[in-house]
Every structure is written in C-alpha cells, then in structure tokens.
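Presented below is the structure to which this report refers.
Labels for the chains are A, B, C and D, by order of writing; each one numbers its residues from 1.
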Amino acid sequence: LAKVDRAERTDDARGELAARYDAVRAATLALTAALSAEDQMVQSMADVSPTKWHLAHTAWFFETFLLTPRLADYRAFDPAFAYLFNSYYEAAGERHPRPARGLLSRPGLDRVLAYRAHVDAAMALLLAGCAATDRDEMAALVELGLNHEQQHQELILSDIKHVFWTNPLRPAYRPPAPRAAHAGRPAAWIRIPGGLVQIGAQGDGFAFDNEGPRHKVWLESFSISDRLVTCGEWLEFVEDGGYRRPEFWLSDGWAAVQREGWTAPLYWTEEDEGDWSLFSLTGTRPLDPREPVCHVSFYEADAFARWAGKRLPTEAEWEVAAQAAALGEEHFGLHPAPAGAEAGLRQLAGQVWQWTASPYVSYPGYRAPDGALGEYNGKFMANQMVLRGGACTTPPGHARPTYRNFYPPAARWMFGGLRLADA
Amino acid sequence: LAKVDRAERTDDARGELAARYDAVRAATLALTAALSAEDQMVQSMADVSPTKWHLAHTAWFFETFLLTPRLADYRAFDPAFAYLFNSYYEAAGERHPRPARGLLSRPGLDRVLAYRAHVDAAMALLLAGCAATDRDEMAALVELGLNHEQQHQELILSDIKHVFWTNPLRPAYRPPAPRAAHAGRPAAWIRIPGGLVQIGAQGDGFAFDNEGPRHKVWLESFSISDRLVTCGEWLEFVEDGGYRRPEFWLSDGWAAVQREGWTAPLYWTEEDEGDWSLFSLTGTRPLDPREPVCHVSFYEADAFARWAGKRLPTEAEWEVAAQAAALGEEHFGLHPAPAGAEAGLRQLAGQVWQWTASPYVSYPGYRAPDGALGEYNGKFMANQMVLRGGACTTPPGHARPTYRNFYPPAARWMFGGLRLADA
Amino acid sequence: LAKVDRAERTDDARGELAARYDAVRAATLALTAALSAEDQMVQSMADVSPTKWHLAHTAWFFETFLLTPRLADYRAFDPAFAYLFNSYYEAAGERHPRPARGLLSRPGLDRVLAYRAHVDAAMALLLAGCAATDRDEMAALVELGLNHEQQHQELILSDIKHVFWTNPLRPAYRPPAPRAAHAGRPAAWIRIPGGLVQIGAQGDGFAFDNEGPRHKVWLESFSISDRLVTCGEWLEFVEDGGYRRPEFWLSDGWAAVQREGWTAPLYWTEEDEGDWSLFSLTGTRPLDPREPVCHVSFYEADAFARWAGKRLPTEAEWEVAAQAAALGEEHFGLHPAPAGAEAGLRQLAGQVWQWTASPYVSYPGYRAPDGALGEYNGKFMANQMVLRGGACTTPPGHARPTYRNFYPPAARWMFGGLRLADA
Amino acid sequence: LAKVDRAERTDDARGELAARYDAVRAATLALTAALSAEDQMVQSMADVSPTKWHLAHTAWFFETFLLTPRLADYRAFDPAFAYLFNSYYEAAGERHPRPARGLLSRPGLDRVLAYRAHVDAAMALLLAGCAATDRDEMAALVELGLNHEQQHQELILSDIKHVFWTNPLRPAYRPPAPRAAHAGRPAAWIRIPGGLVQIGAQGDGFAFDNEGPRHKVWLESFSISDRLVTCGEWLEFVEDGGYRRPEFWLSDGWAAVQREGWTAPLYWTEEDEGDWSLFSLTGTRPLDPREPVCHVSFYEADAFARWAGKRLPTEAEWEVAAQAAALGEEHFGLHPAPAGAEAGLRQLAGQVWQWTASPYVSYPGYRAPDGALGEYNGKFMANQMVLRGGACTTPPGHARPTYRNFYPPAARWMFGGLRLADA
C-alpha cells in the first residue's frame, strides 16, 4: 500500500514537473510571438543576443545537461548546434564567438522552433520515464533548466529593447497600454536594527548555487528608503550637473561618462531643452517623473547616491530589510511603475533590479559544483556588482529575497535602478 | 511626316528603356529568390551589405535621382528611407552608419519589396510620360541607375558568399552544377607593340564618368599572358613559402599578411597537409588547379607576380591588349572556369576582375560631375587599385574594355584574380 | 612652566617632523642615484610613470597641499607644473594625460631636481614657522605627504623594473648581491578561530583614510598558510597546464590569459624546455624555487589557489591572522627571499603584497574627506582587489597590518604574490 | 705615367669622398648640438623617431652595408645594435618594433655617440684602403649612405618639431631669427606645352633607384603656378568652411578630417576667433599670410585645389616644368619663406615638399636591386603619394628635379605644402 502511495506521489510530482516545464517553455515562445524572423536575428551589441539565439540556447541547455546524458537513445537534433548554441561553458567544448551571434541566418527561425519541439518531445519522454532513484537529481536539473529559461525570458525583453532602440525607426515591441494611475509619493526611511544576522539561501525551494551557503554577517543599524529612486529625482541630478561634475563619481565611473558620452540614463532623449522622452518596449513617450528610474549603470547609481548625500545599501542590508518586509505589491509588465500610497518597504521586486554597494564575490564556504554547471555562476565572481530585487520583466515567481543578480558596473541595458540607504 | 517618325522613334526608345529597366530590376530580384528574409539581413563585415539593403538602396537611387526631382507629385515611399538607404552621398544628406546596416530588422524584407514595387510603378509613369526635351538627360540617368543596379547585382553575390562563409554551417547559395570539362592549358605570352596609344571611353554607348576622357598614353612594348593565373600556379606559390617570405611583398602587403594571418586566398581551407578545399557559392569542394585563382588581394597578386619573376600589367597595357583581342569566350556563373584550348588572349571578361599595377586616379582632364552624382566615382580616387575585365558574377553586357573597377589593395571578398605581364 | 614644556615639546615635534621629512625625501633621491636622465624619462606602458615624473609629482604634492595654501608668499616654482605633475586630482584642475608622461623631455631632470630643492626649502620654512594652532592639522598633512612619497618610492622601483625589462638590453638597476642562504621549507597551516572580530585602523599612528573606520566583522574559523607560495610551487602549476586549463580560472581571468598570452608570471622566461630564468632589479638569473612567487595578477593567484584545492584569504582573515602574529622577519631589498626555518606565520611584510579574495570597497561608515585629498583613495573603490602585507621594495616602516593596498585584478608589474587559506 | 695619374686621381677621388663623408656626418651632429640627451629620446608618435635613434640608425647603415661586408676584421661595435637600429630591412633580420623606439634609455646618448665615432674611424680606414677594383661600387654605396644620412637630417628636424609641439611647454629648437622681408606677391600661371617628354634620372650624378629609368611620357599642355600656395590663401579656405564641407574632399580625406578633428594645418592654433598662431622650430608666433603653407596632408592639398577650382600637378608635369626653369632662389632654414618678387617659376626647392596628384608607383622598367638595399624604396610603392621639390630643412644639394619623395596621404608632420596646376 505504502508502495502504491509512493508511486502515486511520484506520478504526481512527475506530472507537476512536466506541467511546469510546459508552462515555462510556452511562456518563452509567447514572448516572441510578435517578433518577425528578422527581428529575432539582430545583435545590436556584443552584450545582446538575438531572440532566436535565446530560443536555441535554452533548448541546448536541456539537451546538453538532461537529454544527452540521461535519455537512452537520445539523438541530438543537429550536431552543429553544440557549437552554435553553447553560451560560455568551457567544459562543454568549443563555441561560436559571442559577438558573431547576429550573423547566423542559418539555422533559420523555423529550424530553431523545430529544435525546441524536438527537445520538448524528448523531455516529455524523459520526465515520464524517470526512475524513482534518479528523480530528485533530475528534478533539480530540470528546475535549474527552467530557472535558466526564465533568466533568458527576461534577457529576451532587455535585448529586444536595445535592438529596437538601435533601429532609427524605433519600433515598439508592443503597443502602449494604459499606465498606472498612482500619483507617486515622497520617500520615507525605514530603520533596520543591526546585529549578527544571517543571509543566504538554505534548503527550502530552488536557489542558485551562488545564493548560499547561508551564513552569519555582522551589520550595524541602518536606514533604507521605502521606495525606489524616481525619474523625477534623477532629473534633478541631471539638471544639477550630475553628469558633468567629477566629484560625485568613482574614477572608473567618470572615465565611463567621458568614454561613452553619458548625459542621462539609457533610453532617455532630450527632445528640447529640459524636455525629455523615454523609449520603452511600448515605444517613445514623455518621461514620467513618478516612475522608478531604470537603465542606469552602477557607476551612475553610485554617483547619484553621493550627490544625494546617501549611499547604496550592501546586499546584506538589502536582504535583511527584505526579510523584514512583506514582499507584496509586485508589478510585472514591460516597464516599472510608480510606487503606491501604502506605507512600508515597497517596490522590492517586480520593478527594477537594484544596484547594491556589494561586489559579486562568493559567500564564505561557497564552492562551485563540479563539471560544466559549475561554470553557471562561479566563474563570474570578479568585476561585477550585485543587484537585488527583480524587474518588471522578471518572470513572476522567479526571484526571491536571497537572489543575487550581477552585472558589470557600466552595464545599462538591463532593467537596473536603485534604492538609497543611509547610515 | 518627319515629326511622326521622330515621335515613333521616341516611343520605341521609351519602350526599349522601359523594357531594359524591367529586365534589370527583375534580374536583381531573381538573384535573391533563394534567400530567406534572415539571409538577406546579414552583414558579415563592414565591407559587406545585407542583400535587403542592396534591394532597398538600388530603389533609393531611382527615387532620389529620378523620381523626386522629375516626377510631378511623386511621394516618397517612406521619408525615413532617405536616411536608411543612402550609401555614401554626402550631398544627399545624413545617413545610417555603414557598419550598422545589418542591425535593421525593420523595414522587413516585405516592406523593402513593396518599396521596390512602389518605385517601379512610379518609374513606369516617369518613363511613359517623359517629354522629348528631357529624354536624353533622363535616359542617361536611367542608364546610370541600371548600371548602378548591375553593380549591386554583383555585390549581392560577393556579399552573400562572405555571409555564408562566415556561418559555421557553410550553406550553399545554390546547389552545385556540373563543372567545365576543359583541361586547362599552359599560359602563353602575347606580344603587344608600344607607341602612342589612346585609352578611355569616348562617346559611343554608356560608360561611367571615370572611364574618360579618352586620352593619349605612351607605352613601351610589352608581353601579356594569354590566360589568368590558376589555382594550381598559386598553390606552387603557397608551397614555396610565398606567404612567409617578405622579399616578395610590398611593405603594406607584408603588414597585411601578418595582421590578417593570410596563408592562402580567401575561401581556401587546408583540410589536411597540402590538401586544399575551396568554398564557393555552390558549397565546399576540392580545389581545382585548372581554375583561375580568385579572391586574392592586390598585395597577394603583386607578391605572386614578383615571385614568378613577372609583374602586373598597368591598366593602359591591359586596355590596349584587350582592344586588340576578340573579347569572346566569356563565362558567366557563380565561379570562374578553366581556360579553353583556343589560342589568343582569353579570359578577359566574365571570369575574375584582374588587378593591375595602376592606382585608381583620374584620367587627365577628368572632372567629377556637379552635385551628388559627382560622388559616384570621383571621391574614391585615393588608396585604391584598378581592376580590369569582369567577373563571372558581373551581369552580361555590363563590363567593357574601358571599364575601371577599383578596390583597396587588401580587399579580397570580391572576385579578384590576376593576369601576368612582362617587359 | 607647563607652557614652556609645551613649547619645547612643540619644538621637538617640529624637529622630528622636519627630520623625518628630510629623511624620506632623501631616500627618494637615493633610489634614483644610479639612473641616468634618459632612464628617468621612460614610460614603458600607461601604468608605469617615468622616474622623473615621480620625483616631480611628489614635490607637486607638497606644493599643492601644503605650500600654496599655507605658506605666506609662497611662489610656485613654475606655474606649468600644476598641469604637468597632477596625477589624478580632478579638484586640482586639468592635467597632462597619463599615457603621455614619457614624452616630456622638458622639464629636464636638472630642473625637476631644482623643483624638489625649491619645495624642500619652502617646506623647511613652513615647518619651522608653523604656529601651534595649526600644528596637528599640518603635521597630519605632512605625514600624508611623506606616506605618499613612500608609496612613490616603491613605484619608482616597480616602474623602472618594467622599463628595463622592456629594453631588449635588459639592464640591471643594481649589480647582483649575494642571496639568502635559507633552504626554504614546506608550508604549514595555522588555525585561526572565528568569531566577532574587529578590523581596521583606529587612532594610534598614521593610517590612510581607507583603513578605517575600525569595525566588527563576523568570521568563521579558518586556516592560513604560514608562508608565501613559492616559485617552485608555481612551476608545478605551470607544468600541470595551469595556464591552459580554463577550469581553474575566473571568466575574466581566462580572457586575460588569452588576450595577454600569459604562460607564466611576469619576468619569467623559459630559456629552454622547463628551464626558466627570472628578471629582477639585479638582472637576469635562474629561477629559484625557494623564493616567493612574485609579479602574478589576482587572476593568476586565484587560479593557482583553485588548482591547489585551496583559496585566497579575505582581507579580514589576513588582518586577524596578522594581529595574532609577530610581524618580525621582514625582508627588504630588491627581491623577495625564501622563508626561514622558524615556525609561525612568517613573511607577512617585507616580501610581496599578498592578493586577497576581497574587492576593494569602503568599510562601513567610511566617507572620503572633502576636497581634492578625498580623491586619494575613495574614488578607486571599484574593479580593484585588496592586497595585504608589504613588499621587499616597500620602505621599512611604511606598511602595517591594517594597510589596504589595491590593484586591478590583471595588474602584474608591482610586487604581488600570494598566501593560501583554507576552510 | 698614366698609371701614376690614375693612382693620383684615385687618391683625389678617395680624398674627396672621405671629405664629403666627414662633412655630411658632422652636419648631422651639428643639428643635435642644442638637444639634451632627454630631448633626443622622445618618440611623440609612431611616425616620429627619437633623435638618438636617427644618430644610431645612420651609423648602423654604414656598418651594415659597408663595414661588415667590406672591411676586413671589422668588429661590430655592439652586436645588439643590429636588432635595435635596423629600421625596416627584412633581409637584415629581426628588429626592434618601431613604436617602441622611444623606450630605449639604453644605449644612452654617450654610447650612441661612441658608436658613431667607432663607425667613422672604421669608415676612414675603409675609404683609405679601398682597392681600385672596388672603388666604383664602394663609392656608390658610400654615396647612398650619405644621401640616406641627409634624409635623416631632415627627419631629425621634422621629428623634433613634433616632439616639442607635443610638449605642453612648447619649447623652441632654436631662438627666433629675423625673418624674410619679402612682401610676397600674387601667383601667376606659367604655361608649359605638352608633347612626348622624358622624365626620370639617367646616369649623371647620384640618384635613388626610384628616380629611374628615364622614360617617355605623353603630356597635354598645362599651366602651373609660379609660386607656392600661401598661409593667407589657406586661411581663406579655412574661413570659407573648407574643413567642414565634404564636397571638396576625397572620401578617405573626409574620413581623416572627421577622425583626426582637423580644422587647419598641423601647428596652427586659433588663439582667438580668426587670430591664428603658428608653431615653428623657433617657437610660437603669429601666422604670416605671405609664407608658403606647410604641414598639410595630401588630402588637404587636394581639397584646397578643388576649392580653388584648380588641381595638383602630376609628378611628370612638375618635373617637366622644373626642367624648364632655373632652380635658383632656394631657401634653407627652419621654416619656408615668402616668394620674392622675381618673375618665373619660383620656390621649386628649399621651401616645402610639394604634393603631386601622382601615387607613388614604379616607373616603367623599374626593378628593385637585389638584397636588403632593394627594400630602400621599392617596397613602399603602395598607398603613398609623390611629393616633389625639397624643403627648407632638406640639406642643400640633396634634392634635384627628378627626386621622388613620398608619404602616405594623411601625413602632415613633414614639411609638405603645395603648388597649383590648371588645365
């Protein structure tokens, strides 16, 4: 009887995982429905990948780490794809150079979609036939693959935004929808008491390897803003000469300002003196001062904080503050929205990734897993800064308070904003 | 009566021009029939333009230089296209940066085809309604536009060849066809007596401005090879260390060898020690030693000639030799073919463009026309070398003995080969 | 009486400061005695400054931050020097571009020495005439200037080493001297208990702003090697393919290996298969396996540690371990030396700067001082890693356990090595 | 008797050659007398070589091509110098990279002077002991070496001018001297009849290999200006928007204007709106509108000619015109001077090198000599333009009407100006 029960539970778990697999994979395709095969080919800079490449690479991930090692008689869809769609896994062999991803008219989109279908069919077999002994290990790998897929869902949106911005016609990804009616509100400070705290993921539910081990950190008491910095506040910084005054900037940040000619966040255009427009996934429209500022680099966020007489929180501060708050009021969509009127620490997730003062390094006791998947997070632990929270374009349910996103300090094309802290 | 006659002749001329217009424009589209919208977007290096861009730019040419100034009530298809599809005409205003041509998913191929149809329809109106007074001037402009279109037909093939070469899948533009059965033959020298000769175009039939004025040149007697240099001969150069011995090279050429890592012509691959394959528009196949060598730069052609103890002909020598020869035995297709057995100066046209020893400068008395069309040829008269003849991919009827093609001395992606000369 | 005492103590303090000023300034000149005016002009890469520039810049520092604001009637030696010898202080105005420092034949070395003499004379006046009310503030500034001068003393040696290495003649800065007789010894692990510890400078004696505030840190227990990694150990890494196996490397580190063609530490040359020489300030000689490895980047240190199955210590771990140890057995000279036989944590200072796992960021509560001197350390807190300890070329007495040196992770020309840690 | 005579004549010839050797070599040193060892080290851009390098390289030339092959028991001064001071002779072995010439503090200037003395002593032996059988061949080589030395004399001045310009202190090479009192005068056109002419050097007296063979050229009649273009005329071009209007420029020239930010000739500074100063070897002074314009590139010269409705002469036109003129009124010194009042074709030599419309290619029948000296001129016959005449800084007696100087079309740091031609 117990045996039957267990088998039933296994069946249920299998079914759940398969359903989740189908849902996540379908969500990816849904994001690309409005894009032509031509749109899906463009690589507007080396950091950006074509949509079609994202579609193929996420299939390659399941093929490489699940199907090839675990499904008997699995036959790779096309042996050339191992080379074409490996992103950065040295242990998985040679790969196509990243800056050349936009040159691949072949395989065409049709063939990439067939690749996804081939992988999905094989994954259905694998999930259905999985022996109980393998179940946990395989479920963990599938879960990793799905979280990986979700990261690429967000990248598809960040990347196509840059692609369309680069086109002088400035196409919209989707027609504009009615926008939030919130009036916005002044920021308030939340006081968080210091002490010996714990941060990091531990055990319950999926987390990336870089979120652990859970460990102790000593924090002094600090204050954190209850909402994100807004476009209106950023405009004051611009108008106060923020981009022309070196005293606010880190040395490397000031060099980036000069080299890149930054005078405002990415996607802002000064149409007339003092009159700014903003390009979003729904096209170009006037800047809304109530909205969270978005598409700023760490260097800009850090300079803004110094101009404001404040600082960025560390990732430990951010996590401790988030633990203490209700994470509600998330917003998802194609652009961040103004804060609502409710008191408390808001806009933690579902708006923009929030730059912290913390370089991205390993937690004490961290060791990257063996093999190619050990390259997933560990090898990037240099020259990047941690962002916390989650963006409006992050798939719902993907992020969590311990989540460590990371980008180089000059990166601006992802949805990055900031929240201030104070002593 | 004479008046009627004249009107009839005008009608005939109009009809002929319109028919020629239709034929040339249709030939362009025929070249792209086998290419997907994705294929037509790729720009594999800055020198290469996407097929779609060629389609749009050639329409822009008629729109800008014929329709807008000459067709009453003509309405531009899309005002943004003036910016997107201007190639290099400073006098025609600002334009999209050349290296970014491959980033334009919009306008999509469908819209570019609609643009061509729009322009074709308007051109039909213009050609039909043209007053007798304007006829000659307009016919000259149309003829220029059609020759321009033919140049882009050839570029479409050179460019897509590079695009497909850049793709690790190495797709073929067209399936392979049976190849020439000629056995090839040894080269022979043709002696051309010197003296005061005339070169350059004069009056009869279309010629580009840079082909004139016709003018006198003093030439000493010289010898010229009756056929092109072959892949077999080039292989001897390679195997004799041609690419490793600076004594054969111009200083800038040797620098290019080092910088680019050249060890053979473009599109050659050494599969095994001494065993070479060649990539063509019909895919990859073993090197054929009888074929004319192709896709070599001026620097390579010059070094080969020095290795062989010979030299390249000047453009005047080439033209004088060609005047004396029957131009027959042209070959058109997707790749040059071995010389046939007939005696005489062969392979002048329809095989490869032939590097000469002559820098591309103006002929005595040349003045560029006024206005934007004056930029067509004149402003490139620096840092380029003249090539003569015509390639297998040059549209039949496009080239002529006075034709001056020109490329920078390191360019290899067009169909460039060589013929030797001697004192 | 008390008043007299106080004045006497002031006089003594003044005298001590002036004597220390003279000693430090003279030590700088002593380092340059063997260098010709030509040697003192070379800038072998952008990171390196000419010796002459160091001599002038350190004078500029005293002129700008002490003499101009504080010495009545002080007249700048040459108004152009404010532009020529400002290193990176935005608040001190425009400055000569760093990569062009090697192009300045004028001012000649003679004139730079005259500049130093002019500044020294004025500083003597300032120190002698200093009012009691200003004393502490001025003494702090002088102390900062002297520590700044000492940092440049070390840079003079690092830089001239690179200059001479770049010269195909490979000159020696000084003739070789007899070297240490130590046999070297195996490493042993020292266990350091964890807990809530304090790190950072506080109050007693000079420290740079970035060494404070002193603050609490939670540490888990850890082990640290009692000596530095040696050349012999590094050679094993090289011979085990360390520079060819991406699995040991951070992603940015692996990119640096490829880009720079690293196959060994800077200044190593493989004379014959497996037979290595080392270039030092006393010329080229065979590699000594007992010596601490030196001139490795953070990326290399990190990869070595991963290869060895260990890790780098954090800066907090390093400092806590150093607090617990006797700092003795320092070694000064032109090259690090093998560890002696004594047990305990050795080679903490006076050998090589030791890469830590810690990115260079501000300590909690740190605020950069106002004004130009606030640029001294604070604005570099991005994209650099902390090194601890001190090099054989660091002036005796300059470093201390809280000292935070910092360099970009790819830098190798300073004296950087490593010590391993373990869980 | 005849034998004695012959021996005497040989002695005389030997003596003359030795005297000429001494004079030319001494003239080189005289140019450097006012420069410090530091001045003589600077390489302000890759095109520029340090003075010290010129001193050593010209000694290397005699050592490599005369002493080593021809003087029994000659011992090279320093074997490392073969590597350090070879300029570009592939056949003479590996060499130090050109852009790193400014990094060589060692050998110091003293040692380079000793090298020159060593070579001079050995050359005296060689010249004294030369057997009659070798005489002509050796005399030809010595003559080549002396002409080579004179080319470097001119380069020493062009290069140190750029070195001092790069230094913010803008030192003068020599104090200013009183300047020409000429009032300048309007240009007049000289008509030169066309026909079958001969150009090129033949037989009598030294000439470089690239000046021959003498050969026939057909020329149409043309006009040439009797004087050089002046700074005053150039200023009109500047003020008419010459540097902002693409219609005057070759495509590559316009790209250079944008890339380099050219708004005037090199060494011009707009101190105030419309008020220009000029930097010369005697320091900075107001622009003199009567002087020949200098330090313009071919691209600028060509654009100026087009703006003026004229053109540059070809090198054949220039040479034919010069053959017909008296070459008198040469001017030597550190800067070109206004034309005098005398009628006729003036300012042919001794003022500035004059850009022609002719790319630098071989004359018909030219073959580079065998061996390393074949690299002297031949391998540069690509991507350069011919300049004719001679500069104020060209040593008297060095140039002649057949002399072909050549530089890349964007080069401006040598003394290059222009003279106009017309149909």
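Keep this in mind: a residue touches a chain if its C-beta (ideal position, glycine included) is under 8 Å from a C-beta of that chain, and two chains touch if they have at least 3 such contacts.
Every value quoted in this text rests on a predicted model; they were computed, and no experiment measured them.
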Chain located farthest away, centre of chain C as origin (C-alpha): B
Computed distance of Cα centres, chain B from chain A, in Å: 48
Inter-centroid spacing, chain D versus chain B (mean Cα positions, whole Å): 39
Chain centre separation in whole Å, for chain C relative to chain B (CA means): 61
Residues of chain D touching at least two other chains: none
Chain contact topology (line, ring, star, complete or other): ring
All pairs of touching chains, each written as two labels joined by a dash: A-B, A-C, B-D, C-D
Residue numbers on chain C that touch chain A, as the complex places them: 88, 90-91, 196, 215-218, 220, 246-247, 249-254, 298-299, 302, 357-359, 361-362, 364-365, 375, 379-383, 409, 423
Interfacial residue positions of chain D with respect to chain C in the complex: 36-44, 80, 83-84, 96, 100, 102-109, 163, 166-169, 171
